[in-house]
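So, here come the structures, one by one.
Paired with chain B in one complex and with chain C in the other, chain A is shared by the two complexes that follow.
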Partner chain A sequence: MSSTILLQSIGFGITTAAVVAIGAMGFTLQLGVTNLLNLSFGNVMTIGAFASLIAEHWHLGLAATIIAAPLAGALVTFVLARTLFALFARRQGGAFDLLMVTLATGLIIQYTIDALAHLQVFQFSFPSGSTLNIGPFVFTVLSLSLVGVAALVLAALLAVLHLTRIGKALRALSVDPKLARACGVPMRRMINLTWIISGALAGLAGLVYVTNSLTVDASAGLDFLVLVIAAAILGGAGSPVGAVVAALVVGIASEVVAAVGGSYYSQAAGLGILALVLVLRPASGVWSGPSRDEVTV
Partner chain B sequence: MSYYLSTIAVYFGADLLAAWALNMQFGWAGVPNFAFIIFQAAGAYTYAAVTLGPDSGVNSFQHYILGANLPFPLPLLVAALAGGVVSLVVGLITLRRLRRDYQAAVFLLAAVIAIDVVSADVNLFNGSNGLAAVPQPVASLQNSLGLGAYQWVYAAFVALICVGALVLVRSLGRSGWQRALRAARDDEPGARALGLNPSILRLQVFVIGGMIAGLSGGLLVGFISAWSPGAWAYSETFAVLTGIILGGVSNDWGVLIGTFLIQIAFQEVTALFLPQIGYPGLTDALVWVVIGVLWLTVLFVRPRGILPEKRFRVLAVPRTRIWRGGR
Partner chain C sequence: MPDQLLRVTGATAGYRGVPVVREVDIAVGASEIALVVGPNGAGKSTFVKAVIGELPLMSGRIEFNGKDVSGWGEERRAAGGIGYVPQTRDVFPTLSVIDNLEVGGFRLSPKECKQAIAQMFERFPALERLRHRKARQLSGGERKMLAIARALMADPKVLILDEPTAGLAPRIAHEVLEDLVVGLAKLGRGILLIEQRVTLASAVASHVTVLVDGRVSYAARGDEFRAVPDVSALFFGSGEAAERSSWSAARGPA
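What follows is the complex of A and B.
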């Protein structure tokens, strides 16, 4: 492989990393605070993408197109969490039982979208702007703004988590929910806030995914979920900075692999990284043993 | 009608093998193998690859990778072996001391990615078009008996394998090995304290289940003589799993009932007898939505299934003997 192709794919990788990072930050926040591995996250990303698609189709303007995705994601996630997940959490409560519920939810969402969308793949047109050469890399205005959005989300999340009382409460909840509650943290309100923020990030991730890939169908979010989860687990549950760094690794690796082996291997690269993380066992709190099984939804 | 019945009988047999195999992994050992369908597909593709023979130029639409044309019982054995080998590789990576929900996520993503790669890579198994014209076993029999009778012979053969599998599953189910698996599932630190190695136990059941999955894949492809990514969407695992949960996790007869209700009474009958509504493919999508809803309903209403798992009362017998002791 020539070095130009390598550099080019690293450039693409940075854009992909921005897309992955937004989803991974939402996922890691959700996982860190609620301890629920929500496998319907990918399908919520699809919902976000379709919400923007519909807004664009109805010519509601660029602002409405951009706002539709996080809005839909937050709404769907909040409703699901407060109705379905809360219902099952009251009955059984184990992390794995609830994972099965999120799985069925994802299945229902995916095939409902499939049925509504007549099994079609939709084109998504988004103004990508002019191309810019920065050093050896080639970016478009759009891909640079994706990187900007990811950086903005990271900065906002870090500011909330480390500079405000809400952030302190969220971090306390993720470490020890019972103790946090005993200390007077308004648990219900904080959990609801987590669902809304992470849901909005899921929807936004769906939108940025389609602005990058330009097509969307009912399984788009699930296909992309592997990169998101790989980054979230590699970065460590509950750590936004870790998620972004891991997203850079996952994004660049997936694009380099895609340049070598064909585009369909890019997600396989994500799976490979995930497998590697599991084999090499870094201290990211995902190993069995003294881990808490309760979820707080 | 007879044609439909024999077809459904073969499907039921293959589904049942798959369900028992997945129940060993998911029910007995607690391994959340949401990638189960991969191992069935591995068996099916291998069966196709070793029976298709060399490229004769007749079906120029597909690639021929092995060029082998093994006689009848061998392809099934090779299919089972392929399921076992793929299971071993996947199991060595995933069955470590990892939280169960993370394992589940990895399995699900592996299934999603595997089908994407196989669909896209034409050089592997002919991409999304899949393999066709896979020869059926003992084709001469088909000529002498006619298609209808041949289908029933095939169904009887599948039934025979199912009986064999049932004997295997029942005898394994009464073994100390299965109790060790359940102990490791319910109380891992406790099982370790007894000197059991949960990772090894799970790898064993994973490979055995994978071999049965490969066998069922081989039986399916030998019957329908075609196999493509459309046959092993990641959601197929959830049809099997919904049957297991509905019937009763870790209960062989419950699994049989649940598999019949979900995979035959619901899926096959709607596919074969329900008129297509709307555009092509709408019924399929709706069937999956209903399966998702059924899954949630069973988890909510009767999480232990129609026939719940039996409890072991191992200590009862020795204790009475000790109390009456002195003999």
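What follows is the complex of A and C.
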């Protein structure tokens, strides 16, 4: 591989990292607070992308197109959590049972979208803007905007988690829900808030994904989920900064692998990183800190 | 009795329908330290879980400040004024000292919370110096101090301390009981103290309840308990030989 292609793929990787980072921040927040590995997260990304697509198709304007994705993501995630996930959690479902429930939920969403969309791949028109050369990398205005969105999301999430009392309560809850409850922290309200924020981030990640790839189908989010989970686990559950740094690693690795072996292998890069993390650093990521058995849905 | 802040009557609690503690009676008044002791497996932790609301009662009643709180959940009891310091996992290790305190005062208004933090720093000056340090970086004594300060943020009327000296060096354990716990009781709070260090803890107790096999095997005023020549006999005697002093007869449920 020539150095030009390598540098180009790193540039693409930075943009991919922005998409992965937004998803991974939502995923890691959800995993950190609820301790639930939610495999329907990728499908909520797809719903966010389709919501924006519909808003664009109906010519509702740019603001509505942008808002539609996080709004749909938050709404769907909240409803799923309060109905399906809560139902199985009440039946004393353990972490594995709930994992299966989220997997099944994701598949139901995917096939429902497939049925409604007649297996079509949809085009999304978004002006990519002029091309900019920054050092050895080539970016478009649009791809740089996506990196900016990811940076803004990180700043906002850090501000909420570290500067507000609600954010501190969420961090406390992710460390020790029992103690947080004994402190009088309203669990249900905090967990609902987590579903809403993380769902909105899933929807936003879906929009950013479709803005970058300009096409979307029913399996788009699910394909991207591998990279999101790899970044969230590499970065450590509940750590937005870790998720962003890990997203950069995963994003660049997936694009470099795709440049070398073809786009088919970009998912393999995510899976490879995930496997390496689990094998080499078993005490890191979701397994770090005090052990938590309780899934708080 | 209006001076009884917490009154547990005939409490039976356990897991999956199997009772672990049976018919336990305990009362804690203002400025009193009610000590619960017993051998491992006696049901002390189960009893605490029932009192804080983590575990529902199978039968019996818990009154707090004159109200029946038996049906209240854990959050409501905490918000209502029952503070709790667990034996382990008593602070949020990844949060700083000041953030731990802020979470402890979550139910307060921002202004009240700020005032309460200032009061805690006044009461525990060591914590002010460590305000930005992560809780996991504190020593055992500092950590316990933070755990108690965190519980005090909500200004509880009753504070439940589950083995606060566990894992502490004897000198620090003595300081925690003599200074911290006694100091809190003097300020008018009722303390329900669960302890393994019987001699040390009974020295500060207003009254002592011994749990054996999930039942109260002995209950007495602190001075009566301290006069018992062989305390170990209370621990390993049979539940049927339960002994009740004049104090427990007077304070027991009607």
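Everything below uses one rule, namely that the second predicted complex is superposed on the first by the 287 of 297 C-alpha atoms of A that agree within 3 Å, B and C clash if a C-alpha of one lies under 4 Å from a C-alpha of the other, contacts with A are read in each partner's own complex, and residues count from 1 in each chain.
Assume a contact is a pair of C-beta atoms (placed from the backbone, for glycine too) under 8 Å apart; a residue touches a chain by one contact, two chains touch by 3 or more.
It should be emphasised that the depicted structure is a prediction, and the values quoted were computed from it without experimental measurement.
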For A:Val208, decide between first (touching chain B), second (touching chain C), both and neither.
-> neither
Which of the two partners, first being chain B and second being chain C, lies in contact with A:Leu99: first, second, both, or neither?
-> first
Could you say whether A:Ile229 touches chain B, chain C, both of them, or neither, answering first, second, both or neither?
-> first
Once the structures are superposed on A, label A:Phe88 by its partner contacts, choosing first (chain B), second (chain C), both or neither.
-> first
Across chain A, the partner (chain B or chain C) reaching more residues is B
First, second, both or neither for A:Leu107, with chain B first and chain C second = first
Partner chain(s) touched by A:Ile252 [first = chain B, second = chain C, both, neither] | neither
Residues of chain A at both interfaces, chain B in one complex, chain C in the other = 289
Sites on chain C touched by chain A in the complex | 52, 54, 74-75, 78-79, 84, 86, 89-95, 99-100, 102-104, 106-107, 110, 113, 150-151, 154
Provide the residue numbers of chain B that touch chain A in the complex, in ascending order.
-> 32, 34, 93-94, 96-102, 104-106, 108-110, 112-113, 116-117, 119-121, 188, 235, 238, 279, 281-282, 285-286, 288-289, 291-293, 295-296, 299-300, 303
Note which residues of chain A are touching chain B in the complex, please.
-> 37, 39, 84, 87-88, 91-92, 95-97, 99-101, 103-105, 107-108, 110-112, 114-115, 118-119, 219, 222-223, 225-226, 229, 233, 262-265, 267-268, 270-271, 274-275, 278-279, 281, 286-289, 291
Using the touch rule from the top, collect the residues of chain A that touch chain C in their complex.
-> 165, 168-169, 171-172, 175-176, 178-187, 289-290
